[in-house]
Amino acid sequence: MTGVEIRLGKIFGRAGKAVVVACDHGMFDGPHAGMEDIPAMLERLGDGADAILLSPGMLVHARLYFARRTAPLAITRLNYNSVFCFKWNYSASVISNLYQPEDAMANGADCVLVCLTLKTGSEATDARNSEIFADLCIKAHRLGLPVLGEYFPHSHLTKDPDEFHEEILIGCRMLSELGADFIKTFYTNKFEEVTSKCPIPILGLGAEKTPTDLDALELAEKEMRHGAAGVVFGRNAVQSSDPPAFIAALQDIVKRGMSAKDAVRKYGLTG
Amino acid sequence: MTGVEIRLGKIFGRAGKAVVVACDHGMFDGPHAGMEDIPAMLERLGDGADAILLSPGMLVHARLYFARRTAPLAITRLNYNSVFCFKWNYSASVISNLYQPEDAMANGADCVLVCLTLKTGSEATDARNSEIFADLCIKAHRLGLPVLGEYFPHSHLTKDPDEFHEEILIGCRMLSELGADFIKTFYTNKFEEVTSKCPIPILGLGAEKTPTDLDALELAEKEMRHGAAGVVFGRNAVQSSDPPAFIAALQDIVKRGMSAKDAVRKYGLTG
Amino acid sequence: MTGVEIRLGKIFGRAGKAVVVACDHGMFDGPHAGMEDIPAMLERLGDGADAILLSPGMLVHARLYFARRTAPLAITRLNYNSVFCFKWNYSASVISNLYQPEDAMANGADCVLVCLTLKTGSEATDARNSEIFADLCIKAHRLGLPVLGEYFPHSHLTKDPDEFHEEILIGCRMLSELGADFIKTFYTNKFEEVTSKCPIPILGLGAEKTPTDLDALELAEKEMRHGAAGVVFGRNAVQSSDPPAFIAALQDIVKRGMSAKDAVRKYGLTG
Amino acid sequence: MTGVEIRLGKIFGRAGKAVVVACDHGMFDGPHAGMEDIPAMLERLGDGADAILLSPGMLVHARLYFARRTAPLAITRLNYNSVFCFKWNYSASVISNLYQPEDAMANGADCVLVCLTLKTGSEATDARNSEIFADLCIKAHRLGLPVLGEYFPHSHLTKDPDEFHEEILIGCRMLSELGADFIKTFYTNKFEEVTSKCPIPILGLGAEKTPTDLDALELAEKEMRHGAAGVVFGRNAVQSSDPPAFIAALQDIVKRGMSAKDAVRKYGLTG
Amino acid sequence: MTGVEIRLGKIFGRAGKAVVVACDHGMFDGPHAGMEDIPAMLERLGDGADAILLSPGMLVHARLYFARRTAPLAITRLNYNSVFCFKWNYSASVISNLYQPEDAMANGADCVLVCLTLKTGSEATDARNSEIFADLCIKAHRLGLPVLGEYFPHSHLTKDPDEFHEEILIGCRMLSELGADFIKTFYTNKFEEVTSKCPIPILGLGAEKTPTDLDALELAEKEMRHGAAGVVFGRNAVQSSDPPAFIAALQDIVKRGMSAKDAVRKYGLTG
């Protein structure tokens, strides 16, 4: 797995911390504000992020952005999960295959994201979701592609905080036991337990757009304080008052231990 | 994907606009008027269209028509979708595989259509429909075949216009994120949002036969005005008062910005 | 199947008895106490066990521990079984594939565990569960990997003892008839019938943490007295008052016929 | 082939010029001076090159160097060619497979080199050599890996200059006709004909160590003046009086049109 | 390649040194003295070696010896090489496949030896020999099996010492560039150059039986002094005056820096 180590190192660097910007929302949600035109959005963002999470089909349109040595790495999402369609009142969290690792690699991806939801209420769904997760991990590793495992609980907006934490704790540990190389997941009320009881790096999510840049950066600060190895921010980065400055602020918080307040001041962000 | 680019260019030309005539209705609907004998129909239509959408099995019968360098390109539909059987009160929108891209190519197709329906109410169906869509895209691309993605909502005749628009908006964006090269879909009440927030060309549908040629051409005109890259018309072209003239009119509207009224006048169509 | 014999012999030795420590709980249950950091836990345990049962993904993190000739062998669990999610009130016992034998071997495993649950109430589930079990056995044997079959009944905490025994009796015999090389299962009220009517060695489980080390060791003593060929203990070993001493005590009980009481005294364990 | 474009762009940048350092000599020649310890050599060189050409087995040892976003890309040589064994008086130029593209990718390569020799005197050898070349091109492209084609004539040190030029001219054109994405080859006495009559970028070789840095840089200057898109230098870079300065000088000559003399002066190299 | 690391660690331990006893001579040479009955020979040798090199077919007969946790690891030779048939005046060094890695693993091997001869005088043979070597390396690594590369020159008994050294130097470096994990080769007159210019551990051969144990141990001492990471001794170990004592002496020389003289005295060997 030399390829996995090399590609993972390109995302995390020798410091072992990473700032990832996500713009894969269109795979399930349609065009979010600021993400209507992904290539234009990427040019606006600049090269401040360590990696960009996007859909496999979008790489063809954004290829000029990625075709430079200083560009962030490309991580593409591989599987379908109906958990993202809560806008349609979906709650069964059915996962299926979309792209295989070799197809993502052919499109230029350096890393793949594989999503898992468990505790769906249907044991057959849990069993099949796990099976797809492990299968994609194994195939990605055979090609030297690192796997960003995503644990995404259903009903994430309405679950009891303790139950939510417990599920994230179990889910992240399971991702690592099945072979993920690093994890993207939600912040919880006892997040340090999640990060300290899992053998692989965990990146904290940004989720919904917060009212101010400061709110979002404070979430990043909390995630780092409780053991995260970095963040995956989407709307809060892209829809920020100043996206490149927001990403620079994330880098200071993630890699240099800066406080969110200081970062807002340094970069003139909203607070 | 040089093959994809070359074949796509044969449909769209350097201007990037296309007029496609669809006569694949028999795959789900039986013989529509004017489409009883596809080879004869094609000879009647002439070569005015840029491509013809038909079923894979019909290529064998229409091979004489396509076996000339000046003939329109052949696009064949690959997958089954029960969404088309509303005549039987079907509403579950179950998709399955019919032809694989290599089989379509063996029959002479230059491009394939893959259909997707989501928001079916069954998450397992949405998951499986998406899986089939992505799988066919990937396989077509490996063979250098461009993919015309079709987003087709269930209950399309009765849905609330805003809800319908929202679904088309999400569906088309998803097709592009999964790798489609261009799209065929319905006109909506905010169609410009659909075309402007999607990175690939969108062709507007004609759907039901309108009372006059002018009605149909005015739909094409509206679609173009709101960002379409062309049209896919079936019954309105084939059952027109003068099919070759109707297609010529579409070409003027799509590629030369002519108004529907002027086109009707120029070609002596009904209005 | 020379490889199967050789690898099996490395676990059982010439005496044909084995002490296995399990720490694969994180695959379904999240981080148990003492198992938060598997590599650190293994260093604490020392080399007293004959083999360690862990998940396939954890081998990469624990590779330094296993990369020594005196290290216990590595057994990895291959398949998913929702029977372990009783914490989520799951009761359908659906099994699916996670890792294939060749993937486990590539990760450094010397032996694989395959789990089976029958009598699920769904004949389709029983049929599919059996199919996965046999398939993994066959593939493991082709590579020279021995198979540790695990029979795990659903509702194991609440079943009637006689019914429970009857199911374990049938289940273990079935594992052997399908090709397992040795078995991990529960102690029952007529355990000697299980061990004497099955042609392959059976290792008794430890299951839930007992109040004292003595309680756990007495279970091991009973299992051995009734024909077990050894034990697979997880939490009772790892969460013992003195894990290396507890494992040494298990070795004395399993291989030298020592009583639990004497072992507690010899190693200064809690009783 | 989006992956091919993206990975090629990472080597060439938007300016379309590249400086590659080769240290794959050990695959055929044993340890050259300065290349005894490849990882240490790479740390000495720094990140000034756009890509490093090395053997597939060496990536595992040099993985720390490549596991950073600012590191040059890794190009690995895939096939065997006895043309390199002129030290053993070999002259038949027999090519065989060593690594397949998927294995190179699993080891972390971003691009592959495939070598071709023709005019071997044995038509069977020419035929087989071509077959292997095309096969590796196709497989690399399926995975999104760009192919650096190398045309290497046998008896390259003793051939008549005009005959040598003619063969390079034909060979390079043939590489492009078979699907290579860019080329590494020798400078010839009418090099501009080679570069101007081939549709893909050509990188000029450095070959034997020249007495001074200036001599080598003047070769690079001549190659660029006659249409090269960059250079692949090995011994002249690694055994230079100051390797990082030499690479910086190459960058100035290749991308900024500096003369070799000015570069020697700017970087204090030997001349 | 976690499996490769784990299995390699079982041979080399944390000190990174290894003593291997070879008894695979029967694959090419028939029954050497002391090796008539391999299982009996192994029982005589005891467990002092870190690994035993034997043929794949012999594992079935020796399975009882290896089926214990304290047994040395089993390394099996995979490919045929006529270089070993100098007794038949063979000199073309033709290599072919015998066992594939998966077959060796099925027979219980933990590691595989792959042999290479170059400079055969036939470029087609060199090309094919290299191709087989790389192919077996890649397949072994996919299964997590480490590869012991053997460079074996033809005419090894009669070659000029400097030419012999030069070939070993090039050959060993080439094995590492093609993916071997460690090497078995001959001692040369400038052996330190071989070990210092190769990135992987090199084990020195014992070759022909020396008159006394001391002669053989002095060869081991010289090999270690010049950078070897251990030894592979066959006849000198098996036909020693006291094989277990001879192996213990090798361990002291290889891992604890003892002189051959002291080792002979300590173990009462012939000198």
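By written order: A, B, C, D and E. Residues from 1 in each chain.
Rule of thumb we're sticking to: contacts are C-beta pairs under 8 Å (C-beta built on N, C-alpha and C of every residue); 3 or more make two chains touch, one makes a residue touch a chain.
Note that this is a predicted model, so its numbers are computed, not measured.
Undergrad: Mind listing the chains that sit against chain A and also against chain E?
TA: Chains that touch both chain A and chain E, as defined above, are C, D.
Undergrad: Check every other chain and keep only those touching both chain B and chain D; list them.
TA: Under the touch definition, chain B and chain D have A as mutual neighbours.
Undergrad: How much rotation, in degrees rounded to the nearest 5, is required to superimpose chain C onto chain E on the basis of Cα coordinates?
TA: Superposing the C-alpha atoms of chain C on chain E needs a rotation of 180 degrees.
Undergrad: At the interface of chain A with chain D, does the proportion of residue numbers present on both copies reach over half, so same, or stay under half, so different?
TA: same
Undergrad: Could you work out how far the Cα centre of chain B sits from that of chain E, in whole Å?
TA: Here chain B and chain E have centroids separated by 67 Å.
Undergrad: Please report how many Å separate the Cα centroid of chain A from that of chain B, as a whole number.
TA: Computed from C-alpha means, the inter-chain centre distance equals 36 Å.
Undergrad: If a residue has to touch 2 or more other chains to count, which residues of chain B qualify?
TA: 1
Undergrad: Give the list of chain A residues in touch with chain D in this complex.
TA: Its residues touching chain D are 1-3, 5-11, 13-14, 50, 59-60, 63-64, 66-74, 102, 105-109, 142-144.
Undergrad: Quick check: in the complex, which residue numbers of chain D touch chain E?
TA: 24, 26-31, 36-39, 55-58, 60-61, 80-82, 85, 88, 90-100, 103
Undergrad: Quick check on the complex: what are the chain E residues that touch chain D?
TA: 1, 118-119, 123-124, 126-128, 130-131, 134-135, 137-138, 166, 169-170, 173-174, 176-180, 196-200
Undergrad: Please output the residues of chain E touching chain A within their complex, sorted ascending.
TA: Checking each residue of chain E against chain A gives 1-2, 142.
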